[in-house]
Amino acid sequence: MIVRKLTESTWQEVRAAGARGIALLPIGSQEQHAAHLPMGTDTLLAEAVVDRAEALLAREGGAPELVRLPALPFGHSPHHLFAAAVSLGASTLGAVLDDVLDSLAASGYHRVLVVNGHGGNDEIMRLAVKRFALRAEVTAAACSYWTVTAGEDDGGRPEVTPGHAGWFETSLMLAAHPHLVRTPVPARAPVEPPPLFDHPPHPGLTVERHGEWARVGGSTDDASSADAAHGRRLLEARAAGLARAIRAFDEATR
Amino acid sequence: MIVRKLTESTWQEVRAAGARGIALLPIGSQEQHAAHLPMGTDTLLAEAVVDRAEALLAREGGAPELVRLPALPFGHSPHHLFAAAVSLGASTLGAVLDDVLDSLAASGYHRVLVVNGHGGNDEIMRLAVKRFALRAEVTAAACSYWTVTAGEDDGGRPEVTPGHAGWFETSLMLAAHPHLVRTPVPARAPVEPPPLFDHPPHPGLTVERHGEWARVGGSTDDASSADAAHGRRLLEARAAGLARAIRAFDEATR
Amino acid sequence: MIVRKLTESTWQEVRAAGARGIALLPIGSQEQHAAHLPMGTDTLLAEAVVDRAEALLAREGGAPELVRLPALPFGHSPHHLFAAAVSLGASTLGAVLDDVLDSLAASGYHRVLVVNGHGGNDEIMRLAVKRFALRAEVTAAACSYWTVTAGEDDGGRPEVTPGHAGWFETSLMLAAHPHLVRTPVPARAPVEPPPLFDHPPHPGLTVERHGEWARVGGSTDDASSADAAHGRRLLEARAAGLARAIRAFDEATR
Amino acid sequence: MIVRKLTESTWQEVRAAGARGIALLPIGSQEQHAAHLPMGTDTLLAEAVVDRAEALLAREGGAPELVRLPALPFGHSPHHLFAAAVSLGASTLGAVLDDVLDSLAASGYHRVLVVNGHGGNDEIMRLAVKRFALRAEVTAAACSYWTVTAGEDDGGRPEVTPGHAGWFETSLMLAAHPHLVRTPVPARAPVEPPPLFDHPPHPGLTVERHGEWARVGGSTDDASSADAAHGRRLLEARAAGLARAIRAFDEATR
Amino acid sequence: MIVRKLTESTWQEVRAAGARGIALLPIGSQEQHAAHLPMGTDTLLAEAVVDRAEALLAREGGAPELVRLPALPFGHSPHHLFAAAVSLGASTLGAVLDDVLDSLAASGYHRVLVVNGHGGNDEIMRLAVKRFALRAEVTAAACSYWTVTAGEDDGGRPEVTPGHAGWFETSLMLAAHPHLVRTPVPARAPVEPPPLFDHPPHPGLTVERHGEWARVGGSTDDASSADAAHGRRLLEARAAGLARAIRAFDEATR
Amino acid sequence: MIVRKLTESTWQEVRAAGARGIALLPIGSQEQHAAHLPMGTDTLLAEAVVDRAEALLAREGGAPELVRLPALPFGHSPHHLFAAAVSLGASTLGAVLDDVLDSLAASGYHRVLVVNGHGGNDEIMRLAVKRFALRAEVTAAACSYWTVTAGEDDGGRPEVTPGHAGWFETSLMLAAHPHLVRTPVPARAPVEPPPLFDHPPHPGLTVERHGEWARVGGSTDDASSADAAHGRRLLEARAAGLARAIRAFDEATR
């Protein structure tokens, strides 16, 4: 398998890879992650999972050629603007994805995968790949890195996965970028009632309340028990899931 | 509980209900549902579930005042334009929802619920309620009628629920609108490979392939074994789920 | 003549009718109609006129195949947002019409007719059919139901026709949906000066004053003398006009 | 009465006139007017009517202060793009009007009048003044110059008024700008059937057929009998109508 | 050389000139120019330069056919809305340019030149010609009238050229439209610090400070020493530069 | 001086720096740079200049706090879509800049600087900072890295500075990222006539010809004589210019 960074490739290399390769676009965000994690957490984690998935595929061999685009460092975070987020509007993010995807189609790509690190991007990304596949003769895929791990390790704590700035993300950051985590991570008591966006009153119901993120202090759960060892296991599990998803996507669309 | 139809109410009645009531907006689609179901299936089923949920709430008592808007009969169905759909673009549907929700906020509503009958509307609806709750002091909720039935009867066939124009929807229509189902429903062999949008090659991965709906003939599974008895059970289960979701939403947001 | 409801038809039936049929789209509004008429008055009256026109055409025979779309229940009512309207912005309504009309063209329709029940939609609808006929090889028509009755009965009161929530609309509603009219309809004194939008200071001049609808209390004239008998005559006259217009449109565009 | 040209005034003069004056914006088009009239006919005629109305008001005295903006020389003429029109899209023209009107409100104007010379601008202009009066505390008016002449001279030929590049406009141009009319104006036989946009098959029905303007050769009626004497009478009648409309608008909105 | 005014030409003349001619569009603004210059200064000066350039080309002979469009009298002046500007938004102006340019391409023009008189239009105009040349098979050019005078006379005062409502523009207006200049032009002391937009703290840096135009009183430099003699020289130099630019554009794109 | 990377900072740190700090946003592109330079050249060089400018400021001391955002790796490159660019549309890039800048204002920033590495972004960036300073109480600055070096070393070759994928950029890349330059850089003969966008036929005239980038092979000048020693000098000169510009911006806006 070849992993090619688009930003470091010449245009002929990028063009040549289009016929059979898969273009991979990581997207993230710049938004508050409580007092102990950095603004770029979602971008950093999406990149960390992609890095490790690529390494796995390279080790195993036989994988498709991947052309990796530079990560989009900004995402849709209007709910975090109360706390210094740098956010793209939903239509702006959708337009960025449309333009990037159209560019890839114009370069001859037939297979594209978007890998997301931020919950707020999720619907926008899925809509973007849907409309891309309608207007271009492509197969387009999308996932958030925490959704491709069925059957993988969840560290025994599914109730806080993925959450926001809590046990899950903090553990991952302790594994991937320990120097960027402010430690010791302070404990926090559960918020009562818990945030409606994270604990809807009925399964299957999306509920959004004005001011809810500010009310609950910006995170979903206590991160003080996060640890690097769990983080490594969780990170490898996501990477393994993404690697398998890439291979399956390749096989289904060759 | 009072259920008030907005279209039949005077403006003073609509205004008066805003302070404590919940505005409920059904949305559907007009799109191909194979040779045996009508174009309006998704709208009709969303309305059927809402009708029955309202009846349940009325029987049980103690529920909040509901102000029911007329259903939006058109949805986002670009993937069915190959087969006579009447489709709104994603930005158009988003604008319709924004405008309707803003109107409700201007009328004093603090609680709104969108009930959807068409998979293609799902992300657009969820994005709309998210941005609504950011710009207005409201709590906004959304569901697709088949997502609020956790713990309810699935007729033993989760693999074809909800699907499109298959066993599930056909059974529901045989229960709700039997005269609109063209019978006998012809059998169809499974499509190989099954549609990528319905059977992604890896869990958690959204995959969209150009022309996939036309390739698989417009439905996800064989509907010939659908029957009204199952349909009635499935329909009541969804209605019960929606009634419980409405009650839970009311309690969480009073 | 066949009148086919799109929402109840299969896609093959909808498609098959495209070559020679006329697609008919009713559009209305949800807006204040004083204290005695319901929010959906405009939608209900547009549908009532279309119902009766279809019945007339069916009785007379020889008319073209009509494929009737579900009514768009929401219209452009920003001037009624002060009183609980549910309003689409002008660009939103234009986009809905564009998308619906484009869908019909994609399904093979060459002839489309929009029938409107709300004054505020009028220019938007006419612009929409104009641009539709520019971009697609179609003939598109539009009318508001009260504009196709030249030579028909006006009940002797042209000065209050159509007005808003006044004698004309109240009479029609007493004929079409008597149970939705709150009676007795209270009398109201004329507003002085009368609303500029209804009584421009010079013929041919459109004049819009900020806050004018609120100033005049939301209606154009006293509705207390409305009666069902006049309403029936007025309704039949509009239905007869629309039936003739449909037939003339068919003959001119075969 | 003072008539002030905005383009020749200092900003302090423009600002000072805002409190009590009426801002007047002529709009026109650049589009084909058959082989004998120039592209700018609609703009030139709108300006000619405004010029003469201003002169009348000045002669009569007692009229409001008018601040006349430079005419917008381009209009919405997509139906004439087959023949060298320079056309603004409907949304572009709407945006131009919005921006100009908002600027005037920001400068303190409470009364604005748009005077139009081109049929294709009509709905867009009326929508623009409606939404302007909703968002700003103003009274906004609009007319096309041929609509403010009720009771005035129509030269005995209402069936060709205003038409396009026919007897009416050619007569006006022979009066206002004789050197721009290519004479002798060639006769043309009636087109059969006449254009649907000009002769709808039923009164009150707007009908637009793809390609209709090209089919009928770009004009509505034979212009060869146009003459300057009629043109002068018609022009004066429109100017008198506009002058009366301005005075009536002033009185109704002081 | 023929200079043809589009507004006075028939459509056949406009169409015929498209194959080899150059379409020329002047654009300006309506905005404050201190207490002594009129709102339309930028439009008037762009037109004055074009008039004189055309006269030069006509005298010299051998130049291409020019089809001159009516000037767009409104520009992008949001920074002058504090002082009675009539301003188009950036997207509105961009849309106007797109629509006008597309119309010209549809009429068969392959060469278009935009001549601008207002600094605030500059980037928008350049972006417009760039995207025009991408979507149409044309060569499009643009300049602001003060940028095409390299090697020409600058009156020895480059530090105030072009400025805004200062020595340069006032001199030009004294030459081109003396009756529109309010004299004597009052002296004004230099503003300290000078406006950041005109005197960035480092060369090559664009700096925009909120409220800066109001702070500096709406002009960049003292205009009291402006005189008509300098103005004539400056005006002729710009006209000569534009004439040479037109000829060079013609030769490079024949 | 503190240079803080926003992506590695907590939200409290980002928020705290807003009152007095300067937010710095690098923007670049992904586009063809001939056969010897990578797609990301413009992004890499903007970042290289910013890196070195920050180092200079840190060495010299006394500079303002800088909060550096992650570079936007994509730019507006429609003219390179013929050769595998990944391009944002002009409106998309404008929206990204608007959203990022608005986010910074919402976080309390009053001073923002955009540093650009790609010519195609230039006008869009300048428009974005202009409109930002109109709607927010901020001072916003922008430069392309090659425009802030007045008085600095140009290597004696101003005629090829900055160009595209030629001597200048190749020298810089040989200094900043030598391993990403494919060597030996092949020589190329001058293109005749040279590209109109780079050599307009008259100074001050922007000329854009359809297909020009493809005609000239994607670069402006021969890069084969580029060398790392010149590159280092050029790079340091740009960094010194940017450092001085930042300091001057700080002093002018404290």
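Letters A, B, C, D, E and F mark the chains in the order given here, with residues in each chain numbered from 1 onward.
In this section, a residue touches a chain if its C-beta (ideal position, glycine included) is under 8 Å from a C-beta of that chain, and two chains touch if they have at least 3 such contacts.
For clarity, every value in this text was computed on a predicted model and none was experimentally measured.
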Any chain in contact with chain A as well as chain C: B
Same vs different contact residues, chain A with chain F, by half of numbers used: same
Label of the chain whose CA centroid is most distant from the centroid of chain F: C
Centroid spacing, where centroids are CA-atom means, of chain B and chain D in whole angstrom: 49
Whole-Å gap between the CA centroids of chain C and chain D: 28
Centre-of-Cα separation between chain D and chain A, whole angstrom: 56
Contacts with 2+ other chains: residues of chain E: 91
Chains listed in ring sequence, where chain E comes first and chain F follows it: E, F, A, B, C, D
Residues of chain C touching chain D in the complex: 78-79, 90-91, 123-124, 126-127, 129-134, 136-144, 147-150, 193, 196, 200-212, 241, 244-245, 248-249, 251-253
List of chain F residues in touch with chain A within their complex: 6-12, 14-15, 18, 30-40, 43-44, 69-74, 80-81, 83-89, 91-92, 95-96, 98-100, 103-104, 106-107, 180, 182, 218
